[in-house]
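Two complexes, one shared chain (chain A), two partners (chain B, chain C).
After this line comes the complex of A and B, so read on.
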């Protein structure tokens, strides 16, 4: 399909959506980080786990639209850990969360014109 | 001729906005948005879009119930519905059996979404209206 508008125009429009979505993305990330902190201190509960699971699910479903395919995969891995008791390991989750935050923050330093959708 | 109209039903604002940007700018469609299953049912009946893209996981009236509502209403039953979900493999068969025209995986690529919609709906060769 030929792109109706120039690709630069489409990318600029998507970049605007990213800018307005970023606070929500960071808020979802913080929700998972809070759960991890509670897990590490032995104070986690089911409600915070469900909130973290929902946040990871939403990140997994949206980050790839903004050229962050790898971050989507990382969020899906976190969601999967939160779904299964036997795979819930604080150390592994901390590592994935660090990676996820780095990928999101790294995007900020990129030229929007260079964001590549897979 | 008027461009085809696509109704996007999703409770997540960023996904609605990216879908709208993609379908309008890349695909040349007219796009209307609903942020819940309830408002989607109402808008589908009023606007009678050419197709609906429906998120599966939504609070209250989720995608399955919304799909059922669309198919039970004679005014909307014939509108093709494409389901948007992150868990495509395990759910595709069931969704198609319940009347979905196709299933798309989240996250979608906004540069490719219109092509995927056209492919599912068989609009590829007939071209979008207005061309």
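After this line comes the complex of A and C, so read on.
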């Protein structure tokens, strides 16, 4: 009972952090989306690629803490693509980014009490 | 542990401020922990361990200016008496073993951050925390990881080991003691020790844990 109570408190604390961190999370997502747009139009540069890589790294590192394990894995895949020239494919990245945004937005519409941590 | 307040002093090292805030919030749900500092890279983490002397260092693996395991190596080499727990998004069995060799006391995946407080409690009681459970000694962990790796690895090189020596290496990786090996193979403990000396000479390792890690990494663990 005490353990369950402790876990509930932890989930509530994480929910508060999620609420305050959302703008930053969405800003990170936007950084990657801007890079993708520049890649698709042939105007990408190394600085924007590094910024996107850093954003993907941080998303991968943080999303799992808020019950978004699958989104974290998706962000890690994007980070890996950004690290390796031979795997950088705009079409694949666009697909991953769509999935990532959907997962984040789906969390938004959920009842926080139902967010499940594995 | 802080003698005045009995709180566990924790240093958080992660390059992402959101992660640091989340960890701090989790720890604050319990009155047992006090965050004494935050570091955004490995170099700063190593420096802050010396300055703040925390009971526990929560260390991310992938950080700028000295990755997590390198920071851990620097901290261990400096002789700091901190209990390090890795807090990471993903980690391989090989990295877990390397971290344990470097003195880490546990691994908590970020997606399982709800387990952070039980993990730190276990570590403060002198146990290890790996794969969501408390484990009393490192050999158990090696044994568990060896069993998992045995299903994935196929022996590729034997490093000049005889069939009997390879068999003994496999036992070591699974946490067996000399007496158990002797019983299993119907030989004397003295013979096991002789084999061990030959094995150490051939593979260039100097203790059982190193040998176990080596065996796992090179697929020498037999089913």
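The rule we apply is simple: the second predicted complex is superposed on the first by the 112 of 118 C-alpha atoms of A that agree within 3 Å, B and C clash if a C-alpha of one lies under 4 Å from a C-alpha of the other, contacts with A are read in each partner's own complex, and residues count from 1 in each chain.
One rule holds for everything that comes next: contacts are C-beta pairs under 8 Å (C-beta built on N, C-alpha and C of every residue); 3 or more make two chains touch, one makes a residue touch a chain.
Everything numeric here is computed off the predicted structure, so don't read it as measured data.
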item: Clash or fit (per the criteria above) of chain B with chain C on chain A; value: clash
item: Partner chain(s) touched by A:98 [first = chain B, second = chain C, both, neither]; value: neither
item: Partner chain(s) touched by A:76 [first = chain B, second = chain C, both, neither]; value: both
item: First, second, both or neither for A:17, with chain B first and chain C second; value: both
item: Where chain A meets both chain C and chain B, residue numbers; value: 3, 7, 9-10, 13-14, 17, 20-21, 24-25, 57-58, 60-62, 64-66, 69, 72, 76, 117-118
item: Contacting residues of chain A [partner chain C, same complex]; value: 3, 6-7, 9-14, 16-17, 20-21, 24-25, 57-58, 60-62, 64-67, 69, 72, 76, 117-118
item: Touching residues on chain B, where the partner in the complex is chain A; value: 12-15, 17-18, 21-22, 24-28, 57, 86, 106-112, 114-115, 118
item: Of all residues in chain A, those that touch chain B in their complex; value: 1, 3-5, 7, 9-10, 13-14, 17, 20-21, 24-25, 57-58, 60-66, 69, 72, 76, 117-118
item: Chain C - residues contacting chain A, complex; value: 14-16, 18-19, 21-22, 25-26, 28-30, 60, 62, 89-90, 109-114, 116-118
